[in-house]
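The structure under discussion is supplied below as structure tokens; questions concerning it will follow.
Letters A, B, C and D mark the chains in the order given here, with residues in each chain numbered from 1 onward.
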Amino acid sequence: MLPEIPREKQLGILQRMLMIRRAEEHVIRFNEDYEGLIRGHFHVYIGQEATGVAVCEALQKDDFVFSTHRNHGHVIAKGGDPGKVLAEIIGRETGYCRGRAGTFHVAAPDLKIIHTSAIVGGCLALAAGTAFASQVQETRAVSVVFFGDGAMEEGVFYESLNIAKLWQLPLIFLMENNYRRAGHSGSSHSAKELSNVPRALNVETTVVDGGDVGAMYKTTSELVQRIRAGEGPFFVEAQTHPWPGNDTTHPKLVAGKTDIKWAWDPSPVPENVRSWYAEGDPVFIFARELVKSGGVSREEIERIDAEVRKQADEAARFAVESPLPEPKAALNFAYAGRGN
Amino acid sequence: MPQEMSFGEALVSALGEVLEQDRRVVLIGGGLVSSGPAQAQFARLRQKFGSRMKSPPIAEIGFCGIAAGAAMAGLRPLVDIGTATFSYEAIPQIVNEAAIAYSNSGGQTNVPVTYFMRYGIRGGGGVQHSGSPQPWYWNTPGLQVTMPSSPADAKGLLRTALLKSQDPTIFFAHERLMNLRGPVPDGEYEIPFGKAEVKREGRDVTIIATGVQVPRALAAADALAKDGISAEVVDPRTLEPLDKATLIASVKKTGRLVVTDESHDNCSVASGLAAIMAEEAFASLRAPIKRVTIPHVPVPFAVPLEDYVTPTAERIGEAARALVR
Amino acid sequence: MLPEIPREKQLGILQRMLMIRRAEEHVIRFNEDYEGLIRGHFHVYIGQEATGVAVCEALQKDDFVFSTHRNHGHVIAKGGDPGKVLAEIIGRETGYCRGRAGTFHVAAPDLKIIHTSAIVGGCLALAAGTAFASQVQETRAVSVVFFGDGAMEEGVFYESLNIAKLWQLPLIFLMENNYRRAGHSGSSHSAKELSNVPRALNVETTVVDGGDVGAMYKTTSELVQRIRAGEGPFFVEAQTHPWPGNDTTHPKLVAGKTDIKWAWDPSPVPENVRSWYAEGDPVFIFARELVKSGGVSREEIERIDAEVRKQADEAARFAVESPLPEPKAALNFAYAGRGN
Amino acid sequence: MPQEMSFGEALVSALGEVLEQDRRVVLIGGGLVSSGPAQAQFARLRQKFGSRMKSPPIAEIGFCGIAAGAAMAGLRPLVDIGTATFSYEAIPQIVNEAAIAYSNSGGQTNVPVTYFMRYGIRGGGGVQHSGSPQPWYWNTPGLQVTMPSSPADAKGLLRTALLKSQDPTIFFAHERLMNLRGPVPDGEYEIPFGKAEVKREGRDVTIIATGVQVPRALAAADALAKDGISAEVVDPRTLEPLDKATLIASVKKTGRLVVTDESHDNCSVASGLAAIMAEEAFASLRAPIKRVTIPHVPVPFAVPLEDYVTPTAERIGEAARALVR
């Protein structure tokens, strides 16, 4: 379903979704083509673009967003510069965190993504903290914390949910259920439905198709309005179709680079993963909706994609050509009080 | 002119002042003090500033994380965790998040949160309520660590943590210091982090002592004086930042060193300080560096057992005598 | 209601309930009368005797029991020697743990109370561990973990409950709801009912009047049978009437030493606390039931109480007269491998 | 005759043997190894012993506590926590329960559980996946701590932990050692805790090194030899229990000491060992004790930054040279 917002905003959503896809295709290429450009493992947001972009579309610039080890998409969704994201992922001085964070914890304080944690559940309490600050400071800011289904296995989730409800914090717990725990498949929870847990803690809970831009936008913007009116916290479960290439600690382009034309004709997609591209790919689902009911032509969508690809390629070039930090700078940034 | 007050009263008076001065200061958790007149003083603060004081559930990882997040968003929270061993529940938020956020963000995200906890052998705390994690927190880059030993220092250091600090601070108070009385300067003042204080001048041996060990070291110095041994007692006051210069200068003068902290001996704060001196003051050392700490055994409950593992003034005195004679 | 067990077993329950009461009256006396005999704060089980004793009556010798900072009653309920309990509480060599544990963590391994924790929620995972061991070893042992309503605020409760259910462990989570968090009144949980939490995690849950010996016994023994038949885990909430003397970190005998005669005539009890003794005291409730429907005379109950008082007085004398540990022994028991 | 295998293969082969030998051994958590042929070997173990291998939820405090409780009831669990920083979630169960149960019970309750974790600077781990908590665990009475540096030691020490130990053990493996190859004795053998090994004999300077620092120290010793400096490399292998005698004997012989551990410098394992030597080997010391550790800053992600804070063979060599010349 299409979000009820002006056409150019709808196209802006498509543009950001495509940017996440294209930027992360570069991340995977970094790993596959350049020896040592990415060390250790990494995670991509491919397949969950609709959730992050639709949620951030419903937020204001001053609203706080917290993310996870799977953060690249959230940063771009909140308006992040893909060049600074890619530069950070490969540890460049020009990255959002001057190369200190890397792929695991890209933070972008100027976008109010003030901290990102790769510790499962690591940002749940912190987000309750920014929400608490907004309450004390009487700003109208909303805090949104993205986390995965696996994070619901950690006690910090339970404690944060309890306190958030007791203190009535302006906070949305946004659980992205990709039915995965990073590499491993299947969550490991005894609840019949994960959403039973927030319900038991008396937190109003909504379950949404995370691949449906319109539904995600509608749910989030309504909750954001209610929070600005003084309600909260809320819990949202966004259910997504896990991208087949993601089922590992080193994601692979199982179908090669996405071809926007597959939105209209998936037959060129390798058989073993075709069904996901045919039915599960949120970018294609949204593109088809724009054509079907948004009065947007295929050509226009292909133009947008071409433009995004160009920007993403430039961003990748910027990242790769950016300088590495000065070795000695390693000793900086331990303490703000030291002035470095 | 300075008034006499207890360590606990000094903490409460600092809290009252900063709550008045800075609306960004909030309290999460307990009330800093658990007995004495200070408790009544705190109760008055709650009346006045209750809206900025939160009593959370028994959920340390939750509320310590909330405090860190609130600090990232511009508040200056003080968290009273209670007994230091309860802070173990919150280490993922304190060490994996609060301590690294500034560094991870390349110098963009400040986390001015203060975690207050009671450490050490309190009398009957047993294996679970006598913990001394100061070595762990000092080992953690991104955290500041302060261990005040007097009412005046407690007040000045708490004001610095709550009003001036831009980084997370672990504030250690020893249960057995809470009712210690001493002079506290009039009016508002801060004691900057990273300034050690020579609590007593001496010639023959340096005793570097932290927190509750400072009054014990001063008592030991009195006893040593009777035997004609002149001991200098130096209190770092903050471990991170550490005022190495003052410590080294003292060892240069005396040539002998005892380091004492009420933490377990392996990798204790005493070890950390001894190791620094064994490198940077080696040339001046005329004798081995002795440590007076808790032996490597969980703190037992029964009185004679607990007393036996406590790093007392007597044990500090013996260590000093062994070096001088 | 009376448990459906032979008369002498019913009287055994009364006897142990009275022993808890009398022993802990000595603990409070230790604190009030002897300077320094009890250092730091302590907690008593007065008012919860029915729960601990009825639950342990439903267990076998080899079943594991875990407790909290409020453990004295559980140890006596499982058959503990009051002399060794009191000796431990005041740190004597003759105590269950040779004076090392003290009031906070009296453990009695020979009673299968192998460890007790004063950390809120500290034993929940450990109890799941003994249950896991019984499952692996294919013994029929049941594990029971007593904990307070406050422990449900800790994440470790949530994690332990989840794993216990996923692994189908032979374990009973026995939550004693005294509507207190040690000193402080009122739990601090956002759930409408605390029992909604285990229900959300798909753990079968029963709410019982913890002051009703018969109901506690019936519920527990049925669950124990089902666990021995391969089911589990289960959650039980025992709701108790908090004893007024307990609402502090240094419990006080607000009505003086209990007089068994108050069971029949509470008028001598100080006004301000009389209602608890008249309606809430589980010992009196059970005593009256024994008289009403158990064919036991008041005189017989008073005789039993007199006998228990005598034993408790001896136990207290034994504890106070017991030697303190040798100072040097402080260095023992750090490592089993060191052979001390 | 000994076969050549990787550190990871040695761990898996030890695990296979003990699962065969002792039905009380169970595995909770990950599979010890994350790459290479060892992973295939582990997969075969899972086929055979799957019933004694549990994959828990992402709930460290839960499953680490379960392992401790299971050990109290007679099992001998091995818990693979994964990255050492994940163990912070479980510290309340490891430190407040597993470590103190034997002591609290007056010597009645044994807790033979082994917590296996990957520590240190792995290459791209950044601020949250490069943790080195070995100083914290060594500081905790009741815990044994082992940091093997070779495939042979890894196997022998893991067998000791799982078959012989009566106390909780923290087993530290460094990511960068996992693919290190070396000779491993045939058949079943244990390496007792508390026995250091002189990995290389020397006259001029002692280098005490732990875990990943041992191969680095050996590389440094090779380089030093070319300059005519004879370095002795001593590996404690277990920190608790600690074989002080062997360490002291080496310092007595050389008169100079460098201590290196890949942990942050304040209260590092290097500090703990240096402090012991500064007291017990002082008379033999002819020069300051140098430490080669991680500087006091969260480990940054970018390659040049991470390399800069890594305690390399070069830095060990420089420290040794500074003492000898």
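Note that in this section a residue touches a chain if its C-beta (ideal position, glycine included) is under 8 Å from a C-beta of that chain, and two chains touch if they have at least 3 such contacts.
Everything numeric here is computed off the predicted structure, so don't read it as measured data.
Engineer: Which chain is most remote from chain B in terms of Cα centres?
Structural biologist: The most distant chain relative to chain B turns out to be A.
Engineer: Quick check: more C-beta contact pairs at C-D or at A-D?
Structural biologist: Comparing C-D with A-D, the pair joined by more C-beta contacts is C-D.
Engineer: So, what's the distance in Å between the C-alpha centres of chain B and chain A?
Structural biologist: 41
Engineer: Could you grab the centroid distance between chain A and chain D? Build each centroid from C-alpha atoms only and quote it in angstrom.
Structural biologist: The separation of the two C-alpha centroids amounts to 37 Å.
Engineer: Please tell me the distance, in whole Å, between the geometric centres of chain A and chain C computed from their C-alpha atoms.
Structural biologist: Computed from C-alpha means, the inter-chain centre distance equals 49 Å.
Engineer: Residues of chain B that touch two or more other chains: which are they?
Structural biologist: 56-57, 59, 61-62, 85, 89, 92, 96, 103-104, 126-128, 141-142, 296-298, 300
Engineer: Mind pulling the residue numbers of chain C that touch at least two other chains?
Structural biologist: 99-101, 105, 117, 119, 122, 153-156, 159, 162, 166, 188-189, 332-334
Engineer: Select the category (line, ring, star, complete, other) that matches the graph of chains linked by touching.
Structural biologist: complete
Engineer: Within the complex, which stretch of chain C touches chain D?
Structural biologist: 64, 95-101, 105, 107, 109-110, 114-117, 119, 122-134, 136-137, 155-156, 159-160, 162-163, 166-167, 332-337, 340
Engineer: Which chain D residues qualify as touching chain C in the complex?
Structural biologist: For chain D paired with chain C, touching residues are 26, 52, 54, 56-57, 59, 61-75, 92-93, 96-97, 101-110, 141-142, 144, 165-167, 193, 241.
Engineer: Along chain D, where are the residues that touch chain B in the complex?
Structural biologist: 85, 88-89, 91-92, 95-96, 99-100, 103-104, 126-128, 133, 135-136, 138-142, 239-240, 263-264, 266-272, 274-280, 282-283, 285, 287-291, 296-298, 300
Engineer: In the complex of these two chains, what residues of chain C are touching chain A?
Structural biologist: 153-159, 161-162, 165-166, 188-192, 196-197, 199-203
Engineer: Show me the residue ranges of chain C that touch chain B in the complex, using the header's touch definition.
Structural biologist: Residues of chain C touching chain B: 36, 38-40, 91-93, 99-102, 104-105, 117-122, 150-151, 153-155, 181, 184, 188-189, 324-334.
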